[in-house]
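Pasting the structures in now, so scroll down.
Both complexes shown next keep chain A, but they swap its partner, so chain B is in the first and chain C is in the second.
Moving on to the complex of A and B:
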């Protein structure tokens, strides 16, 4: 009986890769079709300019003793216009791994789903879950092969595997960094200020979630390109769980209740002569 | 981003029944970073004349100071306040003087003229006047403001209803703009009183 492995074949490779085989490294490299045009480099440059300024967002993730906390805002902006306040920037790759979205929404959504597919195939082929290091490496290699072509992705892969909690930063320039605290996007500097100040390795899940929520809230206050709602997820030994999803507009008045400003000048009736 | 979007702003003025309202957002930013949330964009010229200046914040402040200066001289010479229509011509002339190195502002002028007739107008950064009978908008959120005002506006609104309408239009529009918002400021002027109110808006 012939084993049907057609599901494992990469639908992107246009040509037959004879050096690869199904389980070789080459089969994992997707080969997307390139556009036919007279000035390919110029076209790529224009596409990159089109995608610039698109990392308007704030996402963060950090490792603590009880797992990984992942948080993000939910605003999508096109230049000055807010195109959506309800974007899901935390992508569920599989039940124990999360990815964050910063940069081009289409790029992030597509490649995270692609990564999810590859992780599942790895599980089926090897009868065990892929590690966070392995998943992030797969993504990093794919992005590196598209380096210079205008993909805009700044993502963090967070998960729990046999070695415990794992957190990697992967971006479209091909960088892959391991670390315990990351924040990505135009509002990341503001989030770092809160995150670095309040971070401790030993925290309860509620405290860690509150820290992440406050960090994202402060970033939405200062950064014009971040806003909407804060979503906070926790990745533990049994997988990820959404901790909270709060509207930032309401959060502000919880942290800083509006004070009635004293009336400075009130017109009084003229005293009777 | 263009120079008009450097600081971010939203200004709107609406006409009601023998009254007018002028409103602005309160954000001062440096491109995407928010620097202040209590910035004043609507200024008083005299009790029945107000000007809102959107665009580059430094030009808005300088232009306001120049206009107040000119109006004070006018008051000394003529021994009365300027009519809104005259003031609009003054602003237009002042802006066109800088035709080849303009102030990067778009003023919105609102005032009560003779017989308590409300007057509103806006102009571009070179002084082209646009008179309107219903509402005028300017700033980075101007396109959203046009849509919101167009759908919410009704002629001859009473002051309370006018306040409600202009507030909702302003807040709805700045919620779709990254560069303006962070609260609102509304000034409602009737022949007998001036009400100023600060709006609680989304602070993101």
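Moving on to the complex of A and C:
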């Protein structure tokens, strides 16, 4: 099937005062370069090993009566090495829509930015904001056309449109699911445990945010590939707002305050006796 | 015989540290293939704009192609917009350039350093396919895993993701940052076979850029 490379088309080639001819710098960017080999998938697998971005992460999102809560950790790992503890995994597509990042960091960053551009173009062309269903469908269609080529994206598109709060799960295999509760990544199992137990449709924004924070914290506690800071966002009728950002190491002592152990006390008493 | 392998790892390490009004970018100058050293005098650093410097380790063939590509695009930008590219703009351009080759990547591990439009130091760190992040300091390359813990120990500041936002720790002075870079390269040279010979240190500040070369162990 014809590959949709419209996203990769260089902006230079469209300009009126065409500089592409002068330098050739714009002219040699028709789309994405493909390596000449028979085993395309095998080559992709090998080159992916060079990049080694695994779905080591925990992200979650859920709908409740006051909107959508979106939360994520901030650790990026390459195999066993922590490449960053300050990654922004919640991407602001536009002031009323958020996307989460799981899988290949570059894949998520690039395609979310591309989605933001397409959403803005839709607004300009149609004089109204795009719906969450529409935005997620655009992304899902693009990812489906790259199916089998090695992209690794597990994302949730959360937003507020005319129909109210919207949440979709979209991944690089081509899946697009509508739902009310999702968690993605290696730590998702632990996050689901806390989230499913504490979830109610009627909650205050503070309660919902606290539930999300606890769920991500517990995932970072048990999953080695998740950690750093927990960021929690709320998407309401007026757009998204960041509710909290906490370092997981410090959050631990809020939930489990340090206690003085009896053994230490004995050792302090011994010299006096 | 086996298929032709288009990649090769030439080793080496790159580091960048951002300060309040300066940025230090450094890279060693050893170029290796396997256990052999091809040259002790190869620069991994490219000046893309007057306040923007790129250091890249990995496969130097791809690094060279990438540097030329970016210089050309920077020139076209200058002609179109009548001004030089700022460091954050170049950071986005580098990310896109890397991602356009998502299915046949540049085997280059990049660190971009310079001053942003307010004159504050900025460092951007990349993976091979273009994911990037603005940080206060970063190391990439074969010696990165040896250097980052030392840099974390000296320079780590509260995460920008924290809410309420916490003030970053007072950053180092320019001369202290350069000394830290020298120390960190000396340490990595001890334990990484691909890092050594010389370190090229470029400092960018308000008055322009300044370059010095420090000798390292050659074994």
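In this text, the second predicted complex is superposed on the first by the 220 of 273 C-alpha atoms of A that agree within 3 Å, B and C clash if a C-alpha of one lies under 4 Å from a C-alpha of the other, contacts with A are read in each partner's own complex, and residues count from 1 in each chain.
What we mean here is this: a residue touches a chain if its C-beta (ideal position, glycine included) is under 8 Å from a C-beta of that chain, and two chains touch if they have at least 3 such contacts.
Model, not experiment: these values are computed from the prediction.
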Touching partner for A:150 - first (chain B), second (chain C), both, neither: second
Which superposed partner A:228 touches (first chain B, second chain C, both, neither): both
Partner chain in contact with A:74 - chain B first, chain C second, else both or neither: second
Contacts of A:107 with chain B and chain C, given as first, second, both or neither: second
Touching partner for A:242 - first (chain B), second (chain C), both, neither: second
Partner chain(s) touched by A:258 [first = chain B, second = chain C, both, neither]: first
Touching partner for A:186 - first (chain B), second (chain C), both, neither: first
Partner touching more residues of chain A, whether chain B or chain C: C
Touched partner set for A:220, first chain B, second chain C, both or neither: first
Shared chain A surface residues [contacts with chain B and with chain C]: 81, 85, 228
In the complex, chain C residues that touch chain A: 3, 6-7, 72-73, 75-76, 79-80, 95-96, 98-105, 107, 125, 127-133, 135, 145, 158-163
Sites on chain A touched by chain B in the complex: 56, 73, 75, 77, 79-82, 85, 186, 220-228, 248-249, 252-253, 258, 261, 267
Chain A-facing residues of chain B, complex: 1, 5, 8, 29, 31-34, 140, 175-179, 193, 198, 200-204
Parts of chain A lying in touch with chain C, wherever the complex brings them together: 8, 12, 19, 23, 25-26, 29, 32-35, 37, 44, 47, 50-51, 53, 74, 78, 81, 83-88, 104-110, 149-151, 228-229, 231, 242-247
